[in-house]
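Following this line, the structures themselves.
What follows is chain A paired twice: with chain B in the first complex and chain C in the second.
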Partner chain A sequence: HLATSLPLPSERDHLRPRIDLIVFMIDIKSKYSLKNVEASLAHVDASFFLGKVCFLVTGVGRVNACSIETNAVCKLGEAYCSPVLFCELELEGIRVVTAQRLLRMLQICAGHIPGVSALSFVSLMRNSDDD
Partner chain B sequence: ENVDPQKTAFLLRKAWTLYSVTPLYRFHRARLRDYARLLSAFIAAEKQKGLAVEVGVELDIKVAVSSLADLRGSEQDQAAVLVQLSLRSQASSRNSEDKLVWSGWFCSVYGDDLSENVPEDFTCLPLFLTHGAESYTSMVGSWFQKTFDCCFRRLAISPLNLSWMVAMWAGCQLDGAASAVELVFSVPRLSQPLDISYAIHPEDAKALWDTVQKTPGEITQEEVNVFMDCLYAHFHRHFKIHLSAAKLVKVSTAVASAHCDGIVKILHSQYLPGVLMLLTELAISQIQ
Partner chain C sequence: MDETVAEYIRRTVLKIPRDEIKTMLQKWGFLSEAQLQTLNFRQIKDNISQEVVQLCEENSADIKQAAVLDIIYNHIYHNKRMWSVYQMKKSGEELEYFDITDFKKKFKGRLRSALKNVTITFKEYEDNAIWIRVAWGTPYKKPNQYKPSYVVYHSQTPYVFISSSVLKSNLPLLCQALIVASNYHDIREMELRSHSLNSLKDIVFKRYSQNFQTYSPKPLQGGNSEPESADIRIVQENRSEKERIHRLNEEVFGGGPQPKLEFAQYKLETMFKSDPKMGVLDKKEPFRCLVKFSSPHLLESLKSLAPAGMADAPLSPLLTCIPHKARNYFKIREKKGLFPESFVSP
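Right, the complex of A and B next:
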């Protein structure tokens, strides 16, 4: 399901299936997309931040078109205990690999992989910095 | 740091195309005249190969390579090197004025980050600025690359860096009438390209920057973000367009103007060192 911002319209709440993973897409060429994501985060229930949220930064292949500091995005990821993935959608190879990664994450979040839950993402996030 | 305005007047009000240059190997300042001679011979040879020469017209390119002692930031910086190509056509034998057709200069203003880590035989002049025909730029570039084993790359300026520039330059104190602060945005993903030009009265821009900047002489990314957000919010209030979703391609102030393709025009000698310092930094980060 795609949405340009949150919250989702409440009229369709009863028809909506369970949400297992939220991927916030930030276009590195658009400051607006970062602001939009920051505003939308406020509408997400806290329980999602236990591994069911991830940030996907697109457009990183074009270094010279950067409108956002990557530092700012990484800080956002840290603040919300959620992983930040970087990709370039214009390159088919990277597009496919990124889609596969997200799909794998979704499978874990939906509970389809025995022995691994969304909480694993949170513990993976807290390795290097806390030593 | 006290640059003689007379000597640097030729730098102002010209559109310079920017390149980053890796350190030059075994470049000797004492041999500038030799280099001029060698470059001149190289260009003559290239022209003999048939590049951009009209049959029957004998074009004599004179090359001058000089050192600009004052054009540097710190003592660690190498002084700038200027290369000038002039045309001496057969017809003007009585007239001794040669026509300047191309200039390019290498410089380093507070480029310590690069020069600190480089072995003895290398000369660091990471910023290269050119004005004139692309064909000459490519010939001069090829000769330098072959002779000093260096590498030239066009220096593009990202929207992030352009917003840094406009915030810095809009806040500069200038005497006399200043021109408007202008930002040009390109709107992506439309069937026909659309450019939006946003002009702000220079006094309003400076007043805004003064309320944002906390410590004079220091600028943080946070302050630049606040400055730009104010401009975006103001525009959105009036036109309901989110400029933050568009690509900032050009900024213009009374101090200098810069385009994302790596083209810069410096308008005020007072801020020349500051502008060059920023450009040197960009060149160095492109090299590293």
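Right, the complex of A and C next:
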């Protein structure tokens, strides 16, 4: 399901299946994109932040056009205990690889992989600096 | 053949892209088909232009013919110049038949009586456009052929498109000659400029797809206003919002391609509105500021702002009124009266 922001329009509530993974896409070229994501995060139920949320930063290939500091995004990821992925959608190879990664994460979040659950992501998030 | 004419022809040919030289020379019609056959268009442009000059020498070209070649070049490559639009006003409602010979005679007469050293060339095109090229000199110097002014006049309309030379002091004389020749009594510059002459024509002749404020029933939910993604597994959550934006955009911009403008400029003479406690600009003077939007295709980029999620729909009327008001230069002053909002001056 694609949405421009949260909360989702209520008129489609009855048509929606269970949500297993929320990927917040941040365009590194647009400060507005980051603001939008920050505003939408407030509408997400706390239970999602146990591994069912991920941040995807796009447009990183165009170094000259960055409007957001990667530091800011990483801090966001830390604050919400969620992984941050970087990718460049304009390059087909990276696009495909990123899609495969997300799909893998989705399989885990949906419980399709025995022995691994979304909670694993949270433990993988711990920085080596923390210890 | 005059040396200066030879050099001018040589430089004009050099401007033309190599693949276009033959067609342009054919359009010019000064060299015979037989002569054109002798030209080798596969060599470097330097050599092609030298050969063309030699042929022109055989035909004894003078500046008049060279000027026609220049008009042809500028007619095709009009996008290389900046055009301004002027509107002429008639004093009365007399409907006069337009006589091209009379127009040319009066135009030349008016210019020459003020300035002896001018080169004036006319060329008419099928769409009723009269192209005029004027090279300016001084009482003591021959005309500078490399800095001419171009005028495009559609005789059935009060509009004139001028691409003036950098020698701006001749502009009033040019305008005067135009009104005298065309039997109007006044001319004023519109606040509309662009490189694309055709787009300027589209705007003032209202040839672009306008939207008329007619009531149209809301499309059904299933109406395909937008191309759907090929994969039916992708669900758009905000479809109704997307459709609303698309509908508003269509209403404002119409369905067809937009005229091509490169910029819009807003000169603000409004009061600076700040937190009263900040005390910035205690003097109650208007805050002068210039806002300029530029783009390779301004109107198309404005049209794509809302669908791309970069602006809220509907867009500010200051932006969307550009083609309707036929202007892309605005002065915004404070509105005196009830509303503290700014208003656009004529």
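As a convention for this text, the second predicted complex is superposed on the first by the 130 of 131 C-alpha atoms of A that agree within 3 Å, B and C clash if a C-alpha of one lies under 4 Å from a C-alpha of the other, contacts with A are read in each partner's own complex, and residues count from 1 in each chain.
Methods note: a residue touches a chain if its C-beta (ideal position, glycine included) is under 8 Å from a C-beta of that chain, and two chains touch if they have at least 3 such contacts.
What you see is a predicted model, and the numbers here were worked out from it, not measured in a lab.
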Chain B versus chain C as contact partner of A:3, first or second or both or neither: second
Contacts of A:21 with chain B and chain C, given as first, second, both or neither: neither
Partner chain in contact with A:32 - chain B first, chain C second, else both or neither: both
Chain B versus chain C as contact partner of A:53, first or second or both or neither: neither
Touched partner set for A:65, first chain B, second chain C, both or neither: first
Partner chain(s) touched by A:11 [first = chain B, second = chain C, both, neither]: second
Interface residues of chain A shared between complexes with chain B and chain C: 30, 32
Of all residues in chain C, those that touch chain A in their complex: 234-238, 240-241, 309-310
For the chain B and chain A complex, residues of the former touching the latter: 156-160, 163, 188, 221, 228, 232, 242, 244-245, 247-248, 260
Chain B-touching residues of chain A, taken from the complex the two chains share: 29-33, 35, 63-69
Chain A to chain C touching residues, read off their complex: 1-5, 8-9, 11-12, 30, 32
